[in-house]
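Across the two complexes that follow, chain A remains constant while its partner is chain B and subsequently chain C.
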Partner chain A sequence: MTALFDIVFGGVFHAAVLFLVAAGLQLVFGVQKIVNLACGSFYALGAYFGISAVNWAIAAGVPPVLFLPVLILSGIVLGAIGPFIEALLRTVYDRDEAFQLLLTFALVLMFQDVLRYFWGANPQQLGDIASLYGSIQLGAVKGPAYNLLVILASIVIALGIGAFLQKTNFGRILRATAENREMALALGVNARVMYASVFTLGTILGTVGGALVVPTAAASLDMPVELVVESFAVVVIGGLGSMRGALVGALIVGLMRAAAISWYAELEMLAIYLVVIIVLVFRPAGLFGKAVE
Partner chain B sequence: MKTAVGVFVLAALATLFALPSVLSAYYITLVLPAVAYAIALLGFNLLFGYTGLLSFGHALYVAVGAYGAAVLSSKLGIKSFELVLLLSGAAAVAAAIPVALLSVRYEKIFFGILTLAFGMLFHSFLFKFYDITGGDTGIRVLRPSLFGNEFKDLDKTAFLVGPFYYYCVGLLAILGFVMWRIVHSPFGLHLVASRENRRKSEYLGVRVRFFRLIAFSISAFYCAVGGAILAINTGQADPELAYWTHSGELVFMAVLGGFANFFGPLVGAFTFIFLKSELMGLTQFWRFWLGLTLIVIVVLFPRGLVGVGQDLWTRLHKR
Partner chain C sequence: MNSKRRKLLQALGGTGVVAAASPYLSFPAFAQNTPIKVGIIAPKAGIAGTIGECGLRGTMFAVERINATGGIAGRKVELIVEEETNPKDSIERLRKLVLQDKVDCVQGIVSSGVSLAMGAVAEEMKALLIFWDGTTQDGVKETMANPRYVFRSTDNECEAVMASLLAIKYWKGKFKTIAGINPDYSYGRNNFAAFQALLKKFGVEHKVVADQWPKVGTTDLNSHVAALKAAKPDLIFSSLLFADLPIFMRTAHGAGLMDGGTKFVFPAAGFQHTALKKSFTPEGMIFGHNTLYFDHKDASPLQKDFVKMYVDKYKDYPHWEADRAYFAMQVFKAGVEAAQKAKNAWPGKEDIISAMEGVKVQSLGGPGHMRKDHIAEQTFYQGLTTHKNSYDFPTLGTVDTMYSDQIQKPPGADFWKWIETAQIKL
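Now for the complex of A and B:
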């Protein structure tokens, strides 16, 4: 019972973080039609910056209870880099996707060294902040409260994005642009503002994801390239461009990884790629994606 | 134009053959991987440049070639490099066919993501199944014999910069010639036609998926040959060879040189290897500058170095 709970709890926690990054990837793909390899770099940047932010907060005497809001805030602040990167990507919107992919690959390489420059090559850890939040007891099982808070935060963000996309005017315009770019532009959508804000939102989702995970895991320079493949798996399983797909995909990947690690560690990533390939064979567009031509 | 290309190729080959008498052994050990990547990119570009399919997982076949050389030499005791090349090339083709069967159903970004997933599948196999693959340390690669000659009197460096180097340059020349014939054959033209307009070429009777499958297999073979040379040069086959960033480097080289031109990726391979090693000598932040170079190329010179050269050439001739 406890073992199963640990797998589910760990898996859902991982899924919550993965969902944030994958949601950013989906937003950007949906509107700009660019698959952003640098999403993992944003995630790692969020993680490193989160460590620094909490350390500043400690130095400034902020009470520990507020560390979670500090982390989220630090992720949002990092969104400031979004418009600049979008301005760079703007140069290749009309080009072949090989160039778009390569441009984001160039960003992956550059971010790797930006992180190394500011935070050094050694993995960084954020003391034992997570345990400050204590643990929760639920019948026979017990888990860290921090992880539960992150899961809740992720659910709130997911609901927030859902409401934003469905209920607000900007959300409707965004979906219209994703659906039919030419028509939306012809009807007067300001493409520049739209693209810049979507990309910034995508960036923030990535950086917040990284910031939230850092109290439970070390931030390292391998983080960006490792996370990219996992979030790719998520969006491929769920279907490129679909938010619901990101959610379901993240749950599948998160739970499968947790299960594989505890039962047969060799299978960890292998299992995930196998699911990806199986999904692509039988449902080429992913579980919630639109049919590909 | 044709004679110009011929002269250029002969001059380039003559330079490569003359290099060991000019450059120190250190630089020759740098040219060797460049030759290996040049061979791999010949294959990669058949798929990317000519067929229009961007694979983000071709490092898989480089790794198959490297691990092929490792397993054959240190576990099965096969010395002959010719046999190693043939067998690891065949292994790469065998690995490529199931991947290609699935991937050629797609184009564009889906093709890229699917090949990436397969590449990472192989990477995690290499990484996790320690007993078979040696895990993160990989497998040692032993020195092969060339045409039955083991060169026992030479030490490792002397072997690499001597006979092995000439052998690989010869291999590059032969494989380059074969690829030149492939892309200019009716088969190559079918590939280009299906890249330009898939539906129309299907209507005209091009068996698009089948031809793409063949192109994929040929490119895998070339990548495996490159991988085997790389592994012998470093004496080690490790899982990093199959990682997706390594696939990214292959794409980088193709675009750096200019993938629209037959020789572009070759220029890209040599430029990339030297740029990388020079940057690594200058600063520990070489990735940053490499990334910046890539951005400049992608944004300002999408036709790559060869494209820049061609523009300069036509401008000079107009005057």
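Now for the complex of A and C:
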């Protein structure tokens, strides 16, 4: 029982972070119809900036209990780059998908150099911040409290996005634009504001994900590519453009990875992509995606 | 890219002309005006970036001392530094150093993947090449049994053999189940296999209850730790050595993996020694510092000078790559000077190579020599960790020292057969 808890807990933690990045990817594709490879770069940027933010907080005497809010805030602040990147993407909205992929991949490479310029080429780590939050123990079951807080933060963000999309006017307009862009524009939706807002929100999801994970990991120049590969598995499983798909896809990928590592570590990636292949064969649009007619 | 930016010319010791004058006078007939050019290829970025940086600092320390005392056989040393990246690009930089910069010797390389490919090219180009680290092995099989121009470091498995012997020495009879978490390439797999082979050799009954193979650079190890915890091993053997090692230790500590008295054997942890903080790194684990233990109480004056310089200048504590780099430069220096002395004239490349075979030197971490088959022998340090020190990371409470002829296969031997048949002392 304890072992099962550990495996599931590890898988859900991975899924929680993966969900944030994949949700950003889904949001941007849903409205702007752009497959944003740079979502991995936002994740890495969030991780590096999170380290700097916590170091500043430590220097300023901020109590350790506030480091988690500091990390989330740093991710949100970093979202300010969203409108500038979106302005760049405007040049390819009406062009072939290959151009869009090329431009967002160029952004990945450019961000890698930006990270190298500001933080250096070596992996960066945040001391032992995560353990300051202690452990949770229920009987024989024990796990790091920080990981639980990250899972809870992701759940809150998922619920928040859900409420935002379903209950607010802006969310309704956003969904309408995703459903029928031409009609939304014809009805007077300000596309420029809509796109900039959506892209910024997608950016924030990625940067917050990176900031949240860094106390348990390390920030490295390889992060963007690592995560974007798994995020695409999430998107394929869940269905391109679906937020519910991002949530379920992230859980499937996180748990499959954890199970594979526990039972036969060599199957870690194979297990994930086996699910991807099965979904592509039996449900090409993904579990929650809409089939294109 | 601007070649000036890639070229780090070290006219080191230029101000110490008077001090340097005396050694110059020792070689009046052979001293040349031009410096000896040494090319360095070392990683500057990524997971091995800090390792390359530490090695480069060891080289610069060696060159400063050499130049301050008159250079190598009267000629000052000039360094030209290039970056080690993937095998293809690193080999291009080797060609550039040899053909364009016309260096007298190339040193460096951390990755076995790069050294494996570069060794053959250096032989073909007849370029004198001394590896800091990595080997020219495919797994544990030597691919260059009789090199002429390539000199290489000790086998990568030396630290695993030593750590295994210490685990048996300290804990035989105190563990039955073992688990491994090792990097998913030949180094990690060979190390864990060597550990098990040595347990078998010394009659230690054991059962492998988990083996984890995270890819190098994996930053989320929660699931790996969960799997290890579920297996409840008495002992965990890990040759993680890059940025993933502190992540593993932090994650393991947070998950309670260290609560149950599990024993830890980490042969290569010294690469990350300052990042492994006391708060999540236990006492009493077997911890490998390879060929340089910075805090050795009985260290040589040379090591003490180096560590002091390192701490003062870089605000950090060095690890073994600095020693490997220093050793490579000293082997080259000793070879050149021995050849010059024997020939009574400035030696050619072939003379230098012959003189380097069997040469003994004092490196930062201790004595070492270059075997006739061009494989280094050096002094290794490991031991049990303690928190009783003034640092925020553990050091060694007990220091075990072994010369690598006890933990490295002899010339021409097969690694696995050597483990089976060697008379290895605990």
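Here is the rule we go by: the second predicted complex is superposed on the first by the 292 of 293 C-alpha atoms of A that agree within 3 Å, B and C clash if a C-alpha of one lies under 4 Å from a C-alpha of the other, contacts with A are read in each partner's own complex, and residues count from 1 in each chain.
As a working rule, contacts are C-beta pairs under 8 Å (C-beta built on N, C-alpha and C of every residue); 3 or more make two chains touch, one makes a residue touch a chain.
It should be emphasised that the depicted structure is a prediction, and the values quoted were computed from it without experimental measurement.
Participant: Quick one: is A:Leu88 in contact with chain B, with chain C, with both, or with neither? Answer first, second, both or neither.
Facilitator: In the superposed model, A:Leu88 contacts chain B only, not chain C.
Participant: According to the stated criteria, A:Leu66 is in contact with first (chain B), second (chain C), both, or neither; which is it?
Facilitator: So A:Leu66 meets neither chain B nor chain C here.
Participant: May I ask you to decide whether A:Tyr117 touches chain B, chain C, both, or neither, giving the answer as first, second, both or neither?
Facilitator: So A:Tyr117 only meets chain B here.
Participant: If you stack the two complexes on chain A, which partner ends up touching A:Leu152: first (chain B), second (chain C), both, or neither?
Facilitator: Neither partner.
Participant: On the A-aligned overlay, A:Ile278 touches which partner chain: chain B = first, chain C = second, or both, or neither?
Facilitator: So A:Ile278 meets neither chain B nor chain C here.
Participant: After the superposition on A, what does A:Ala258 contact: first (chain B), second (chain C), both or neither?
Facilitator: second
Participant: Which partner chains sit in contact with A:Gly10 here, chain B, chain C, both or neither? Use first/second/both/neither.
Facilitator: A:Gly10 sits against chain C, while chain B stays out of touch.
Participant: Which positions of chain A sit in both the chain B and the chain C interface?
Facilitator: 116, 265-266
Participant: Can you name the residues of chain A that touch chain C in the complex?
Facilitator: 2-4, 6-7, 9-11, 13-14, 17, 116, 120-123, 125, 127-128, 130-131, 135, 142-144, 146-147, 213, 216-218, 220-223, 226, 257-258, 261-262, 265-266
Participant: Going by the contact rule at the top, pick out the chain C residues touching chain A in the complex.
Facilitator: 44-47, 49-50, 53, 211-214, 217, 219-220, 222-227, 229-230, 242-244, 246-247, 250-251, 253-256, 259, 275, 277, 279-280
Participant: Inside the complex, what are the residues of chain B that reach chain A?
Facilitator: Of all residues in chain B, those touching chain A are 48, 54, 56, 102, 105-106, 108-110, 112-114, 116-118, 120-121, 124-125, 128-129, 243-245, 248, 251-252, 255, 259, 284-288, 290-292, 294-295, 298-299, 302.
Participant: Going by the contact rule at the top, pick out the chain A residues touching chain B in the complex.
Facilitator: On the chain A side, the touching residues are 35, 37, 88, 91-92, 95, 97-99, 101-103, 105-110, 112-114, 116-117, 225, 228-229, 232-233, 236, 240, 265-270, 273-274, 276-277, 280-281, 284, 292.
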